[in-house]
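One structure, as structure tokens, below. Some questions next.
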Amino acid sequence: MIPPAAPPAHTPASTQSRVLAAGARPMVEAQRVSVRYGKHVAVEDVTVSIGRQQITALVGPSGCGKTSFLGTLNRLSDLIPGCEVAGRVSVDGEDIRARGFDLVGLRRRVGMIFQKPNPFPLSVRRNLEFPLREHGVRDRARVAEVVEQSLRNVGLWAEVKDRLDAPALALSGGQQQRLCIARALALEPDVLLMDEPCSALDPLSSGVVEDLIGQLRAQYTVLIVTHNLAQARRIADNVALFWAQGGPGRLVEHAPTEAFFESPRDPLTIAYVGGLRG
Amino acid sequence: MAERAQPWGDHVAAVFIWTAAAVVTSVFVWMLADIVWNGAGQISWEFLTAPTDDAGRAGGIGPILVSTAMILGVCMAVSVPLGVGTAVLLSEFTGTNVTFGRLVRRSLDVLAGVPSIVFGLFGNAFFCHVLGLGFSILAGGLTLACMVLPILIRSTEAGLRAVPNEYRMGAAALGISRTSALWHVLLPAAAPGIVVGLVLGVGRAIAETAALLFTSGYVDRMPGSLFDSGRSLSIHIYDLSMNVAGGSANAYASALVLVALLVPINAGISWVADRWLHRRLVR
Amino acid sequence: MSPSHRDRALGWVLRATAALVAAIVVLIVAFLVVESAGVLRKLGPLRFLTDPSWHPTSGSFDLTAMLLGSLLVTVGAVVLATPAGVASALFCRYYAPAPLAKLYGRMIEVLAGIPSVIYGMWGLMVLVPLIGKWQPPGPSLLAAVLILTLMILPTIALFSDAALAKVPDRYVRGAAALGLTRWATLRGVVLPAARSGLFTGVLLGMGRAIGETMAVLMVCGNVVQTPGSLFDPIRPLTANIALEMGYALGDHRSALFVSGLVLMGMVVVLVGTAELVSRGRLHG
Amino acid sequence: MMNTRHWMALAIVAVLVAAMVVACSRGDSENRLVVTGSSTVAPLVSVIAKRYEAKHPGVRIDVQMGGSSRGLADARRGLADIGMMSRGLKAGENDVEAVAIARDGICLIVHKDNPVEGLTDEQLVAIYKGEIANWKDVGGADAPITVVNKAEGRSTLELFVAHFDLENPQIKAHVVVGDNEQGIQTVAGNPNSIGYVSIGTAEYDATHGVAIKLLAVGGVTPSVENVKLGKFPLSRPLNLVTAGETTPLADDFIAFARSQAVHDLVEKQYFVPIAP
């Protein structure tokens, strides 16, 4: 199993007070979460609390386990052969790693956007309808309404309303990614996980998607993995830095965006953010 | 020395290779021309629909075509669900049970190599005798189903493996059950692979003779039900050319019909496979 | 039913399907063994090799002549079809102009799909009389070898073509840059690089040749004997089953299942070897 | 867990039910007859069956070939309602009931263009033993003889070797055939071959333009007439056999096959009708 971890240099508890108001119930909570693929330990001993209706950016160099960590929050890691998770993860106070937990319900409440846009090889309309129907929304008028509303929410309605029955794969990359976001939003999730949603897009589309994410703040709890510190600074309420130094990735610092960039505490954060400044 | 020998070797090789290609082509043309030349004269609507007469020397191949279609129907009705199901298990579900997957795969490899006459022996012993089906279209179709399963499974599995993993992840992240994801996304995306398998399977089944000899029998009358014996087109050709003196004209005509059925099937496979490849490259 | 229950149900249904498919192989082997058990237990396996002849109704069960027949036909066909098949693939890839290569490739595909009974019919009606005029009686080892050559040639050609396609272009360009002639490049670089693919094709062709029944049955004469020349008729194991299964009873029927078992064993060994070769664990 | 087991059980039951339905649904056997066996008798029974079906709509009679031994075995095992045999019953076969529906002979055939008209028994035996290998030794052209033999288990073969006092292992054949038609097809396709088949089949084919010729055996011309007169040495009964309880339909069909009503069919197939 996962070897007992050495006490981290900065216990997240020390940062928690900075992120979460006292007494506030966190939306997502991870306690001593580790992820391993066979013998390779990707993430070790991550403890973090994510507040409601906030955007939290997970930053850090490649291969430090951000994506692996994200995968534990909707248990998509279950699908990866050989992937083992340890620790406790709760969403809205419920232990999602409990035996027999309703996975379908979890994934409806915790949506996910991938690095590479992945609409199904169906029409634009079917891409939205299919998950809705799957979750029991069958009334035609209601489905049509949600489809339109979701597309409007991501600013895609004007662009695709005349070709709802065209294949989704014929859309541009940025449009595809917004379609994926609309698809996730149509299910009215509480949490949205985003795994570098802009990195596969051209700068223009990237800007459009980034603006969209900024607008989600009020309604959703968003966790976004990004390599782009400037982007994190523009859109995030809080920033969490992951770091892997020769071993498994760990959470180094978790702080409100302003504090993270202006008064970082950990030397690694100072160096990392300093790189941005420099 | 060497410098002089090499171009000489080059010429010999070129001559050999061109000759080999020419010989293969001419034998192919010879065979096909022979069949068309001797068979085309008999072909008519009458021939395709009329019942056989005088052990096949006279009359047409109506009942034979019906029997062939029925055998094919049974074969596909049984093998397609089994084949697609197994392929789905192998490519989508084996993560959970590796040993079982390996076991199934091994047995498929063996199944693919079993000579068709051995399928015939097995079909005769199992379907005809043990299950009491006797010589019947059902027994023949089931035997063929065993035979085409590996073909079907292999190409369906290849089709499923070619489906990008993002679709699976995306569906799971949306809380879509595996069943629905399979039905609405993965299987449609794997359709070209399934079609190629289906067409290859039909091609193999329609061409088969040895496995049917002792399972579906060779009664050349219009079958009344699946429990009747029925003679397939390939067995008809065998019987006419081997066992019926004076049957060669109709043997050629039946062979022409069989080839005419198979050539579009082969062309269809190439077409689907090409288009599929093209689509995957474009994407 | 909730989605996760549906998934679990589907999982079990699929597992049952796959188990059924796997069971077919077990069933085939089981039936061959059970049906041959009678005569094997009664006479012992050795009798199939040491009896004076194959006259099952008089109690002689010698399979060696037919084993030899199967072997000779297969070896003959492979010896002829391998150079022709590899040459076909080379022709397509390196010698023919593009349109011709495409046409030739299509022709090979069509040849691969032609049913064995049509090869057999053509052999019976065209080839056998031709041989009969030259060296009677006509139905012979030679006829069987020629027809089988035609049948396995497409298999070998298609596999060789696939193997050649996998040889990286840079090898060929590199060799050309050294000033090697086309044949020297092919012989020295391309063919060795494609070796395991070619070998797999030959092994699979061999499997097809051993297992082929109808085409051989129609042209080989079906006399159980050790042939003295290419023009003597023979009877391979497959033809024996097809010929006698219709009316065989008791020990005789059992003995035919024994030949089925032998055939299956030979093919399994071939397929296994082919698999090892294609995975690169063995080299031809 | 309950659910998993439940589904697994359901799947197994479904497979079993399907198998049982398949195995049991061969119903409707009231109006069906399966007749298997001798390829000599099969063409005759086929035409008789056609006439019987025409008279009794709704009845279906399937005729399959496979040799006399198979006819006997299928009848014994219940795979066939009636077996066809082109020989009499041997000792040890009295568990079945045989009813003769016609008589037939076995004759030697050669290609139509072969100048040889007849062979003595000794010549024939020598040819089949491989001692005479060229037609010129028996008054024909200078060409090697292609000996066509029947496959093991065929009653035509049994009768042939018994009559000429041969043992099958002594025969040096060049081609081995199964059905009568296969033998005729082989001989018709090879000018230097010799084979033996049912007189009925041979005469039927010879008069229908197939390139074969019937040879005299022991000086007696092979013809239906000579079989009828009992002159032809190599003759045999064509039997329908049944084992155990028979259905009324089978009994009725056998009676029909023996009756005057089908004598024209028997003669058309070049067999000799049994006097009622």
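Some notes on this structure:
Each chain carries a letter (A, B, C and D) given by its place in the written order, and its residues are counted from 1.
The rule we apply is simple: contacts are C-beta pairs under 8 Å (C-beta built on N, C-alpha and C of every residue); 3 or more make two chains touch, one makes a residue touch a chain.
For clarity, every value in this text was computed on a predicted model and none was experimentally measured.
Annotation of chain A and chain B: jointly contacted by C, touch as defined at the top. Looking at A-C alongside B-D, one finds more C-beta pairs in contact between the chains of B-D. Chain A and chain D have CA centres that are 80 Å apart. Distance between chain centres (mean CA atoms), chain A to chain C: 56 Å. One finds 33 Å separating the Cα centroids of chain C and chain D.
Listed for chain D are residues 65, 178, each touching two or more other chains.
Each of residues 176-177, 180, 242 in chain B touches at least two other chains.
For chain C, residues touching at least two other chains, in rising order: 3-4, 13, 20, 246. An unclassified topology is adopted by the chain contact network, corresponding to no line, ring, star or complete arrangement. Contact between chains, using the touch rule, shows up for A-B, A-C, B-C, B-D, C-D. On chain C, the positions that touch chain B within their shared complex are 3-4, 6-7, 10-11, 13-15, 17-22, 24-28, 31-32, 35, 83-84, 87-88, 90-91, 95-96, 104, 106-122, 124-126, 150, 153, 180-184, 186-187, 207, 210-214, 217-218, 238, 241-242, 245-246, 256-257, 260, 263-264, 267-268, 270-272, 275. Residues 6-7, 9-10, 12-14, 16-18, 20-21, 23-25, 27-28, 30-31, 34-35, 81-83, 85-86, 88-90, 93, 96-97, 100, 103-104, 107-122, 124-126, 146, 149, 153, 176-180, 182, 203, 206-210, 213-214, 234-235, 237-238, 241-242, 248, 251-252, 255, 258-259, 262-263, 265-267, 269-270 of chain B are the ones that touch chain C when the two sit in their complex. Those residues of chain B lying in contact with chain D across their complex are 55, 129, 131-135, 138, 217-219, 221, 224, 227-229, 242-247. Here chain B touches chain A in the complex through residues 95, 164, 166-177, 180, 184-185, 188-189, 283, going by the rule given at the top.
Chain contact summary for the complex, chain C toward chain D: residues 5, 8-9, 12-13, 16, 20, 52-58, 60, 128-129, 132, 136-139, 221-224, 233, 235, 243-244, 246-249, 252.
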